[in-house]
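The following blocks contain the structures, represented as structure tokens.
Here chain A shows up in two complexes: once beside chain B, once beside chain C.
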Partner chain A sequence: MGREKLFNAAVLLVMLAVPLLAWQMDEPFIITLATKVAILALAGVGLNIALGLGGLVSLGHAAFFGIGGYAMGILASHAQNYEPLFAWPFLFEGSNQMPLIWLVAVLASAAAALVIGALSLRTSGVYFIMITLAFGQMLYYFAISWSAYGGEDGLSIWVRNEMPGVNTLDPIQFFAVAFVLLSLTLWFAARLAKSGFGLALSAARQSEERVETVGLAPFKLRLMAFVISGAITGLAGALFADLNRFVSPTMLSWHTSGEIMIFVILGGVGRLYGPVVGAAVYILLEHLLGGISEYWQIFLGLLLLGMVLFARGGLIGALLGREVAHD
Partner chain B sequence: MMIVALTKERTPMSLILILEQVLNGLQFGVMLFLMAAGLTLVFGVMGLINLAHGALYMVGAFAAAAVAGWTGSFVLALMASLAAAAAAGALVEVTVIRRLYDRDHLDQVLATFALILIFSEGTRWLFGSFPLFLDVPSYLSGPVMLPGGIQYPLYRLAIIVIGLVVGAGLFWLIARTRIGVQIRAGEADREMIAALGVDISKLYTLVFALGAALAGLAGALVGAIQSVQVGMGEPVLILAFVVIVIGGIGSIKGALVGALLVGLTDTLGGVFLPRLFALLMEPASAASLGASLASMLIYILMAAVLLVRPSGLFGGSA
Partner chain C sequence: MTDPVLKVENLSKSFGALKASDDISLDLRPGEIHALIGPNGAGKSTLIKQIAGGLRPDAGRVEVLGQDVTALDTVARARMGLGRTFQISSLAMEFSVLQNVVLGALGARGRAYGLFQNVMKDKALLATAQEALKRVGLQEAAQQRTSDLSHGQRRQLEVAVALTLKPRLFLMDEPMAGLGASGSKDLTGFLDTLRHEAPILLVEHDMDAVFALADRISVLVYGAVIATGTADEIRNNLEVRRAYLGEEDLV
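Our next item is the complex of A and B:
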């Protein structure tokens, strides 16, 4: 375990050092890339709680990512257009304050995860994969046909939302916000994995019968994990929409679900920092290969295929060996 | 929502309209069945979840469009779609898929997602980003008069007939032939049929190629109504998943029932829900609310089936 902790600290340090260096050298684009990595890693950390800890292969996490994004888009667009969102029971004109937006994003995606999870967790295995995928698509088509908030074209906001004490328009300050949220979530995920709840969840992944025998309900454990997982991914969605000042149904599409899953897998399933490494490598590949060829996703596909067939522990597994790998 | 774009004009709601839409729903359902049959066979026999099934649908459509462009023959185009998709399926099975049978579902999802990326970008590289067009041949274009005075496009009727014939052939293959016996035996007990001397890896390649050919045929047939473009297989793939979740994974009969249910629900919901809401509220909001709800209808259907039968209408314990 010692080596992995050291490695994790190094990852966090690099994540912090790169944008700081870019800030010194006045390269805002690199800071934005680093911010994107931090936000996507956050989405992956969310998925990893369901996938790595709970063994729940959800192919519908784009739903929560997108709900977070739309929470930002809807609140901010009402605030910028001075059209009240609702007038009863109190007048609410939307908001451009990040903390409130995050709260709404987390609550909305947790609620969606509760409903989707309660239905999907009635099944398991391949049914679960297909059903989470289908519910994700349901929200995708709903967003496309929901013309009040942009429909297929999506929804833009003019100015990035505000946060007390921070100038979010400054790339390095917005990066700091994303980085702090990522670090807090990583800390939370580590605590969660070691808690009684996390241990029971892991046990339910390994052997459902044994967990039932000691009087715990696997369904409840998994539903709780799914809700926490969805809420974190929703928070990442709100940040991602704020980074781009834009939200569209693409955030809800199943390709997004696949990508979030790729972050987790590239790094290593069940590894706390897997999604961080995975998201960083993914964005780096996108940036480097995308510069070489328009068809860079072919290479991504080949890489992913090779990884699944020959290097199942992900990058962290390849670097650190499999001693604490996901079983 | 995607394959049916017919009769947008506002005709008064009548029996003819309803029958027309039922036929459209049938046509959609039959196409979904061709997609879902391969998926459910591959899952039933090999225990594999294949996200790249939609890529094979796309391969069939592109092969058909290319061959129709060279030769001008629609029949040759359909045969090319079958051959190209079957060949692509067999190739993928031999190189990648067979390494995945013993893996968990997560690995299968990732590897077949990677295959989608490779197929989609490869096709874009070969054919470009612009959609191709596959024309309905002259002998199948135009409307046909059905009993009861319904005018219906001949091509769509042909799709229904082709789909039903292929479906009947599939049922015959599985119920009555030696290969069908082996497939059913493979679903029941893999080790046993290997022990009885059936070359299991050849059987798997065959089943995978068969499923691929059906998907390719569906792609070509639908390609003549819509445009042929990269990514066209993905919406259909997800609907096919909904179909087999409703029908029960591994069951061909379930795939047929599920496909027709989904096809009819989606088509009829898309046409009649907005009209239904128009009776209750002002037209503009009725149209938008109706359309939103209609786009979710099949997923609501799926959720309802799951509440009653978690393993689908015809599923065993999966």
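Our next item is the complex of A and C:
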């Protein structure tokens, strides 16, 4: 366990060092890339709770990512246009305050995860994958046809939302916001994995019968995991929309679900820092190879194929070996 | 005090034309080991599943501690105090041995599991878990990965997890299978004392163990109980000998 902790600390350090160096060298583009990595990693950490800990292969996490994005888009667009979101039971004019936007994003995506989870968790295996995919696509097409909020064109926000005490328009400061949220969530995910809930959830992944026999209901455990997972991915969605000052149905499409899953698989399913490593490698490849060829995803595909065939534990698994069962 | 802890009444279950359980009635009384024997395919596992809650019977009822549990699921029956061990180990293979037992202790505690406390540092859970491991003689292996355990050790671990639940009755599906002579003897001795804690419904192929342990034996053939009685009664029951022990044993 000591080795993995050391590795994780190194990952976090590199993630912090790269944008700080870029800041010194006045390279805002690199800071933005690092911010993107932090936010996408956050989305992956969310999925990893369902996928890694709970064994729930959700191909619908774009739904939560997009709901978080739209929570930001809707609140901020009302605030910038001075059109109240609703006037009853109290006047609410929308908001450009990040903490409030995050809260709404987390609550909305948690609520969506509760409904989607309650319906899809009655199935398992391939059916679970398909039904989560179906819910994601449902929301995708709904967003496309929702002309009040931009429909297919999406919603643009002119100025990045505000946060007390932080100048969010300064790339390095916005990076700091994303980095702090990612670190806090990683800490939370680590606690969760070691808690009684985490133990029971992980046991349900390994043997449903075992958990039932000790008097714990796998369905409830999984639903709770799915809700926590969706809420975290929703928070990432709100940040991602703020990074781009733009939200569109693309955030809800199944490509997005696939990408989030790739972060997790690439880094290592069930490994705490798997999604962080995965997102970093993905963005790096996209940036480096994308400059060489617009078909860069062929290389990504090859890498992924290699990962799945030869290193089931992802990059972290390949570097550090099998996870220690106890600690 | 002779009210049965478990009562099965007229239980029937068919899979298509196959009658896996044919009007089965049996009970388990406090302090006893009631063995369930029968040739392969007699419907023992189907019966166990219906008692544990994994399978709904077509007709009949199951009572635990005087309460009708026929409509309850596995989780609810486990909470009522039904401790089960499996024929094919259903342990969490990626866990350490200790984690598996802690899971049992956690289940026994019910809904109260936190999201933040490190479960492997919970003193009360660890005490329950260590105690259970000690009782089955697995305390040395506590930190081993479960998938690295031998077949026999997995059986011991199954029993240890069931112990953490402090059950009111045990449902054991072939705990001796694959144990070897000495392991089987050790477990026989252990079950012999365990019956005073909670009665055991024991499905077992090891006839030496069955005849050494069982207060009563029920014989299941083609889904029906053809006889219930003490070891001597079963040994001398002609129908049983013909159906199960084999004609060649008749002298």
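Just so it is clear, the second predicted complex is superposed on the first by the 322 of 327 C-alpha atoms of A that agree within 3 Å, B and C clash if a C-alpha of one lies under 4 Å from a C-alpha of the other, contacts with A are read in each partner's own complex, and residues count from 1 in each chain.
The rule we apply is simple: a contact is a pair of C-beta atoms (placed from the backbone, for glycine too) under 8 Å apart; a residue touches a chain by one contact, two chains touch by 3 or more.
If you're wondering where the values come from, they're calculated on a predicted model, not measured in any experiment.
Visitor: Between chain B (first) and chain C (second), which, if any, makes contact with A:D26: first, second, both or neither?
Guide: neither
Visitor: Check whether A:L302 is in contact with chain B, with chain C, with both or with neither, and answer first, second, both or neither.
Guide: The answer is first: A:L302 touches chain B but not chain C.
Visitor: Which partner chains sit in contact with A:V57 here, chain B, chain C, both or neither? Use first/second/both/neither.
Guide: It touches chain B, and chain C stays clear.
Visitor: According to the stated criteria, A:T123 is in contact with first (chain B), second (chain C), both, or neither; which is it?
Guide: first
Visitor: Who touches more of chain A, chain B or chain C?
Guide: The partner that reaches more residues of chain A in the superposed model: B.
Visitor: Should A:F135 be classified as contacting the first partner (chain B), the second (chain C), both, or neither?
Guide: Only chain B; A:F135 stays clear of chain C.
Visitor: For chain A, give the residues common to its interface with chain B and its interface with chain C.
Guide: Looking at chain A, the two contact sets are disjoint.
Visitor: Provide the residue numbers of chain B that touch chain A in the complex, in ascending order.
Guide: Against chain A, chain B makes touches at 1, 43, 49, 96, 99, 103, 105-107, 109-111, 113-118, 120-122, 124-125, 234-235, 238, 241-242, 244-245, 249, 288, 291-292, 295-296, 299, 302-303, 306-307, 310-312, 318.
Visitor: Touching chain A in the complex: which residues of chain C?
Guide: Touching chain A from chain C are residues 52-54, 73-75, 78-79, 84, 86, 90-96, 98-100, 102-104, 106-108, 110, 113-120, 122, 125, 143, 145-146, 161, 164-165.
Visitor: Quick one: in the complex, what on chain A touches chain B?
Guide: Residue positions touching the partner: 51, 57, 59, 119, 122-123, 125-127, 129-131, 133-135, 137-138, 141-142, 144-148, 254, 258, 261-262, 265, 269, 295-298, 300-302, 304-305, 307-309, 312.
Visitor: Name, in rising order, each residue of chain A that touches chain C in their complex.
Guide: Counting only chain A, the residues touching chain C are 191-192, 194-200, 202-203, 206-207, 209-217, 323, 325-327.
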